Structure formats: C-alpha cells, structure tokens
C-alpha cells in the first residue's frame, strides 16, 4: 500500500506463538487433554499444536526450556508482496533481524524485534493442516473433527506482552506491521499503560501492558477462543476438575468487553480462554477508546477487582 | 490496489439495506419490539433502524411501498480513495449508474446495478450513531445501551439475493467490489446455484442463490447477528410468543455452518437471525468450498430438510 | 399413604433402564465415548453405566441380546415402607410378578408388568456410586468428576414406551405406582394417544405413546439430561462428527416444552438428549394439559413437522 | 405422615415472599423493568409480582415501609390435610401464631415464627394466575407469555435468612415444616454457620446463615431463577446498563454449585439471580454435605473470594 493516508492491510492474522516451558510433558498434557488442542507434529524439543478450527499446521509451538516465557510470535501476511513490503519497512526502521529457514509449519520467515526485544516473525508461505483419517470433519468447510475433549479450544485468538514502554511498542506494531490501535489505557500523567491492536476485523490480535518490574521482553498471556460464554464457564469447570490454577474469572473485561478466564499452565505461563467474538471491528476509521486511570480503577465490567498477580506475574518469572 | 495478484480490500463492510414494505407500521413494530432494533430517525416514507452494536446511524432503512423487496444495499469503503477506485472499475465495466446526494445516514454514494439489476451503493462518508442520554451505554466502547427487549439483534450481518445467473453476479462482486468467494454450490452440469462472498474476516457478507421463477432482481433475506446460539433459541421463543411466522430453524447450515432461524416480517420479507460469528475467515488464500448437488440434497448440517418455500419465496412476490 | 384424597409420594425417582442391544461393543462405545457416560461395572452379558451426576451405581444396564428393546425399567421408592405399600397395591391389582434377588447396583426388587407387558421393577435398597481416585470430583457435593468427553450426559431423565392402550398404561402408573399425569394427547374420538407422567418435581419421568403396529411391549426412547440448550446443540455437533444417525432435532417440543435431540444408538434403540429442567412441576394440584388432535398436527413448538419414523420406529423392530 | 421414620412431604414449595421497601416506586421499577417480573395486582401499600413461569397470582409482595427487610415468607402445602398436620405440629412446638384471613393471592394461611422471629406462613388454598389477553402464552402449558424484557426472571427459587442460631432454625424447618437439610457449614468448634434445606427436588428452597451483628430476624436475599448460565451473564449486562449495584458474581458457589449473581434493589434488599436447576435432589436418603471452615475459606468454586459485604449486609440494616 503506497499511500500512507490509507489503511494498511499487510498482516493477515496472528499465526502462532512459541512458548517455552520447563515441564514439556506436563504442558503438553494440559494443552491437549485439558485445553483440547490437537498435536500435529514434534521436532527436536518442540511439540506443535493447534485448535480444531485453526487452518494452519500449528498455532502453538511448545518448546522445552530451562524456564517459561515466549519464544517468538509469528504473523502471516496477506501475500508474498505484503511480506516484502513489511521487511523493507522493518529494515528501514532498524527493527529487522533477518530471514529464518522456516519451521515445520511454514516456509522462510523474517524475524524482527520489538523495542523490548520480543522476537516477531512474519511469513506468508504456510502449511495447511491436513487431518488424518480419524480426525476428518463431517463438514468439509472445517479444518478437523470437533474433539469433544477438555475445553475444546477453537482457535488461537491473541497474545499479551509485558513491555517496558507501551507507547514505543505501539509504534512498532503501527509502523512496523501496519496494525491499528483500537483501545488503550492512558494514565493521568499521559503515560500509556496498555494498548490493544488489531490486524483484522477482530477487535484485537495483540495487547501489551506495562511491566513494572523493569525487566524487558516478558510474556503476559496467550489466548485461545471458545465459541460462547457458556463454553468459558464450562472451561472453568474443566480447569477446576483437573487441578489447574484459576487466577481470575470468568468475568467480563470493561476493555474490549472480552469474557475472560485466566489460568496458569504447568510450565508457569498464563493462558486465557475467551469468547470468540461476536464483537467485531468493522469501522475503517475507528477512533481508539482511551480509558483513564479512574475508569480502570473501577475494576472489570461487572465490578470484579483485578487480582494483584495480574499486574506482577509474567514469564519468565523475575528472580 | 494496483497489483491484481494481491487481495483487494476496498470494501470495509456491509453498511445497510433498504427494505420495502407494504405495511410500514407493522414492520416497524416487528423490527423494534420483536427483533429489538432501535429507531434513529424518520424521513419521508422511511424509518431508519439499527442494532445496539451497529456503529452507524442506520443499518436498515424501512420504506413504505406498494410491495415488498429490497430498495438497495449499501457498502462502506475503507477510504475515500478506495471508493474512487471502485467507481472507476464499476464505470469501466458498465455497471455504474451514478452518484446520489446521500441519505440521512451518510454522504454522497455511488450507485451501481448487479447483472440482475439489484441496486448497490458504495459510500465512505458516514454518520456515526450518537446515543441520546437515555440510551448511553455503561461501557464507552459500545454504540448504545443493550436494549433488553425482544430478540436484542446485535448488528447487521449479511443479506441474500435471488439472482437469475449466480456466476455473473459472483463476477460482479469479485471484480466490481473486490470481494472474495468463500463457498459455493455447483450443480452436476457445472451451473453455479449459490455463492457466499465476503469483504471482511466474516465468512460471508452477502450470498446469492438462483431464482427459478425467472424474475430478476428479487430479495431472499436480510440477517441480523445475535451473540450466541442460545440467543437464537430464545429468539425462536420470542417469535413464537409474538405470532411471527417461523419458516424454518433453528438449525445449523452445512454451508458456512451458520446457526440460523428464518421468519417473515409483516411486510412479507424474510428475515434471519444468526449467531455472530465464532467462525472467521482469516486465511488470505482460502480456496472456496464447492458443495455438490449430492451434498446439498442431504439437507442441513444435522439433517433437517430444506423447506420448499426457501426455494420459492422471495420478495417482491411473483404474480 | 393411607388417605386416597392426598397426593401419593412413594416413588422417589426413575432408577435405571436395562436396554438390549445386538451390538454390545458398539453400543458401549456410543454410550461412553459419544454420549459421555462412565462405566461402573460389568457382569455376564451386561455393562453398567451412569452419567456424571447420577448418584447410583448405574442408570443404564446394557445387555447383549439377539435384538434391541428394553429389558426392564426400575424405580427407586422413597423408603422401604413405600416399597412395601406399592407391592401390596400391585399384587392386589394383579400386576405383580414377584421379587428378584437384586442386581449389581441394588438389592432385592419387586417386578411387575404393565398392561403391555413392559417389565417394571421397584427397589429401595441401592448402591451409591463411589468414584475411584482418578474420577473423584473437585467439589464434594458431586458424584464424580465432570468427564469433558463427548456429550457429557449429566443424568438419566426419562423414558418413553410404546403401548397398545395409553389409557390402561396411564392407570397402571397412576394406581400401581402413584404417579401423576401432567400432560396428555387426546384424539377427537376420545382415545388417549400419549401421556406424560411424573413421580417427582420434574414435569415427567416417563411418557408413553400409542403403538400403531399392534405389537405389544415395545420401547420408544431413553433420555439423558444435559445442562442447557447450548449443550444439546453441541451434542448435535458431536453426533454429526461421530457418524451417529440424527433422527430429528434439535428443536423444542410443544408438549412439555422439552428441547430435544433424537439419535439411534448402534444397537438400534432411540436415545434422546434433552435439557435438564428449568421447567419444574411444583403445583400439587396441577390440572393435566390436554392436547387435541388439531393442536398436535401443528408440529413442534417452533413449527418443525414430526418425522414419520418417530411414529413407527420402536425397539425391538417389528418384522 | 404418621410414621416418623419416613420422609415427610407436607410442604409443596416456596410460595411467596413479602419484601419491605422504603422506595416502593423504584423497587417496582427494578422488579418489573430490570428483573422482568410482571405485576398482577395492587392493594393498599403493596404491589404483587411474579415471574413468567410462576403459576400462582404472586411470588413477590412488595410493601411500602419505613425500612427494608422481609415481611413474611409463605409456603404452599401439598394438600389441606398436610396444612392441618403442620399446624398441629407448629402449635405443639410453641412456634404457631395463628390463622390469617388470607391475601390477594391465597386463602387463609397459618402464621408461625422461627426462633429468630421471622414470620412464616403456610397455606394450601391459592389463586392461580390467569393471564390477560395480551399476556396469553403461545403454548398452553405455560403460565404467561415470555416477556422478553430485562432479565426475564422465570420463577421464584429460594430465599436466605440471617439468623442468630443456625442449628435452632434448622430444627424449626426440619420439625416444624418437615423439610430436609441438604448441605451445611459447620465450624471447627461444631457451631453450625449455614444450612441449606429443601421441601422439593430442588436442592434447596431456603438457606440461612449466621448473623454476626446479634440482631435477630434479618433478611439476606431472595432469588429468582433464570433458565441457564448464559441468562445470568446477560442479566449482569442488563444490571450494568441499568445502574444496578452488582455486589458479587457471576460466579459458581462451591456450596450447592449455584451459578449466582447478587445485586441490591433500590430499597436496599439483596436479590439474586441463579440458574434454574439442572441439579436436582432425587435421592430420598441423601446425607447432608458438611463443609468445614477450611473448605469455606477457599472461596467460591472457581476461586472468587467472598466479598465482605456478603457477611454483613442484611435488611433491615443495623443502625
């Protein structure tokens, strides 16, 4: 898109997240048997997983590590040309790192780093998931059979990063990737404390909030979408039955009105299940919603106070 | 977008539909008190309505007429430049009609006609809905207060046109508006019998099916989205209680997996309520799903046979 | 209860149903992996199953047989005295058969036969289900862990018998077991064509409809309750994915307003999943609702026509 | 029931609650337009209300008063004989007060007092609700038309009293009314801190918890049932939009597993909406669940901490 006065649409959607875990087997058990993802492959220290409605080979890459946190987050572009346009911009801005050889689920990707250092990848060439015979769906417009297992996570939805400087990170995603800001928190002194951004008609694909520990590059949470609020409530029952630590929820966020439920997977990373999106961002000229300090202090939509750990727990943990 | 090998993204979303009704007062009662829309204005013989999550002034314009049917369907573009690009294309193809002076809810729009003659409008300059004091929402990221009335229709979702030639109409929306085909029905003899197309990450914003009466330019249905399947079931209860004719549903379509419910409003037009979209079209290179004659003869997803009137009833009625 | 002018309350609830199947392994697979029941034991040719909220050892006994149909239906009484009172009545009426030695899930039971010959058992002494360690629930007021598997059937709800004479069968349950009629279908000529009866605050625990084949003692369906309508819709998805024949539904019955979904298990027996009962029968002096022939011809609550097989398919099949 | 070793079944169900309010007009607005009850009559300083599935003339009597709190709670008996049996018992125990002349919604009732002094009434002769033409339901097995307004409260479910001595109050309901204890909280020192009791197959119709203020006879909350959990979530949206104070919820209680949402009506009384009961008490020999101090300190089912006001706010308020 050559005209800077027009909306950019180079990023198609959030592709996948690589998550580090010090307890690979336990994490795989959680994501497969409790959350309901399906394994599509393994290579080296990594296990590749996806929700039943995810069309790509994987949307989560779990990698064994000495600690928790995010390995990288990858975005699929609208086309090969769009990918190349983004690479030029990222290089020009000095955010670029270079090309990778690809992975089990996609071809060569271009790696960049946010101001905090979070690794970001862009790719276009992908591997569509092909269901084995036993997992073929009854309806051919669906990626695989509905698993009817655990929380039945449908598809990857968004991720949330902890960052040292929200405004700088926002600029990275606006200018580097061409994404749009839809909602934000701005403190009384003008500091940005949180931002929600989208590349699609979803109201956000990524969010980031200020990390008060002063440690750069940490991860807040990864979210899978379920179909409806009843599914989130059922997920709470399933987490309870399986001994998973429920940090907070189910409840409704005032920001973005997401119906949320946060748990910690065995590796220590925060995982959210949220409803899959009756709310869409259709207006091309949406003015970002700005939440004030006073508004945020009221808690969540129906009055739940934000739990303290939500502001402090990130991965990897701070020593 | 100058490069034809790249996805086009000039249309932002379905804007509104003008619907003719021979019983204006009864139709307004239906849309406001049963479906749960809110009136935002009146002018001449027209009443302007919208769902509680529609951000524009109106998404439905009800106009008194001697018969039923669709007045026009309007699409909002991504920008003024996108609008001008589309006008050039429509004029070049011979589909254009010319500019209008605008309407209560938007500025000048460009009118074109599908091969069947259905009036289509494109506009960018719009009027955002501003809720009066009594209808201000509790959360400022929402267009208005949730009405808690009738079916509580959330937002306009899509429309369906009856057409003489599905393939020609598909080409109009692909080339004229730059929209994408996501699913289609192709008969054994190669004839296209139905098409579902999108301009967004929704899996379709418009559909059209063959009109076997031989009459051009008829209307099949207009759909408002509700949040979840439970809301559709509740809507069925509400329609039953209010004496509204339920044509078929609630059930799940095999095509697009929409959870549907069709009724006829007092003016005779078919109206659908459907769930608002856990299912999204995120892949930029989606290969359209092609349903065969044999597959369609199986009925809907869970086995419901398609009712005969679904193939014959359109508006205006055929003498 | 000695005073015949007072409501009788000797039957506590429906206990279990024994179902015959010519395909035991397939039927067990269906009930465990698709419907979501849990096996609690095996003996001889029988497998004992229950829903996660069923407090007794079993609510379904699947027994291998040369054909399909119902082995017997058992009712738990309020007390040992209540059981003895019922035995006296059944013997006096000539409906009694005699005492059994009990079964894996309960102590001695008294067997009787309906006018059609359907075997009925009454018992008080039961075996409470004790969950093994791996199936212990997180909340101690629940029988076992929520399975998060298949349709997650919650508890046995009711059964439906095909009978030659609805009125005679109704009298059997009213006088023999002390149950109450809550709704019925009465044809224009005064013949009773269907009856719904309850022993509890559920609006029915058993129903019976006229068998037009002239064959006595057949079985129509067994129903397990799920929590809400969304769960029934999800069950339809699960049945579809698992190749289970969906006969009709999901839809809402006008009679009793049950939200229903009927399928055929591999052995040929009809199984229903229905919502678990926001609707209760609290009035002690409820006047039975009488549906006329004209009213029934309108189809189900939202207009679905009753499928032909619903009137003809019963088990065992008629040669 | 002459045999004390058998379960008693003299009480049919909770009939209605009289609630005092210092702001009658505001309270009526809340119950009708926000909660969705329907007014069936007025007399003197009282307004009579009911849910759309309540079969009697009223289940809530709102009476203007200088303060808030409960006027009385009334229970319908299974029969006239059952009423007379209960009167004898209440008189013999010294709990009886005497007969009333009846009310707009029922004939003569017998009044008693709990150890705390809460007024209790028993009656059998009742007035069935008759819907006016505009409120006639589409299905004749339903009390009135579904309102499609506000939270659409379905039926009265239970009430909760604050009491000085939980054990004494439990004995009153066990011996005086013949109700059953299903769950309770027992502190480490053996003191009973809460009790949940039932007269039906619902798992509780009344609960009472210890009032630590030392003031006798106060009221904790009145609960109306909605159909499913999604309805409770929607109710939270409706309360939020209408400026109603949400005290806590929606969340799931560990005790009784109720999915709850507590708000304060304009008169100051606490009102709950809860899901209508997939969970039933069918076992005639249920052993009451005893929750310990340690178990209760864990908070609600999914981890929500009990808000402080839940232990202190009762009506009328303590000076």
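A, B, C and D are the chain letters, set down in written order, and residue numbers restart from 1 in every chain.
One rule holds for everything that comes next: a residue touches a chain if its C-beta (ideal position, glycine included) is under 8 Å from a C-beta of that chain, and two chains touch if they have at least 3 such contacts.
Everything numeric in this text was worked out from a predicted model, so none of it was measured.
Enquirer: Shared numbers divided by all numbers used: is that above or below half for subunit B and subunit C, i.e. same or different?
Expert: The interface of subunit B with subunit C is built from mostly shared positions.
Enquirer: Have a look at A-D versus C-D and report the one with more C-beta pairs in contact.
Expert: Spelling it out, more C-beta pairs touch across C-D than across the other pair.
Enquirer: When the centre of a chain is set as the mean of its C-alpha atoms, what distance in Å lies between subunit B and subunit D?
Expert: Those two chain centres are 46 Å apart.
Enquirer: Using mean CA coordinates as chain centres, what's the subunit A-subunit D distance in Å?
Expert: Comparing mean C-alpha positions, subunit D is 44 Å from subunit A.
Enquirer: Can you work out the whole-Å distance between the CA centroids of subunit C and subunit D?
Expert: So the centroids are 31 Å from each other.
Enquirer: Return the residues of subunit D touching two or more other chains; collapse runs of consecutive numbers into ranges.
Expert: 139, 228-230, 237, 240, 301 - these are the residues of subunit D that touch more than one other chain.
Enquirer: Sort out for me which residues of subunit A touch subunit B in the complex.
Expert: Contacts found on subunit A: 1, 3, 5-7, 9, 12-13, 53, 55, 76-79, 81-82, 139-142, 154-155, 183, 200-202, 225-230, 254-257, 275-280, 282-284, 289, 301.
Enquirer: Across the complex, what residues on subunit D touch subunit A?
Expert: 228-230, 233, 236-237, 239-240, 246-252, 259, 301-304
Enquirer: Which residues of subunit C touch subunit A in the complex?
Expert: Going by the criterion above, the answer is residues 137-139, 145-146, 148-151, 228, 230-231, 237-238, 240-241, 243.
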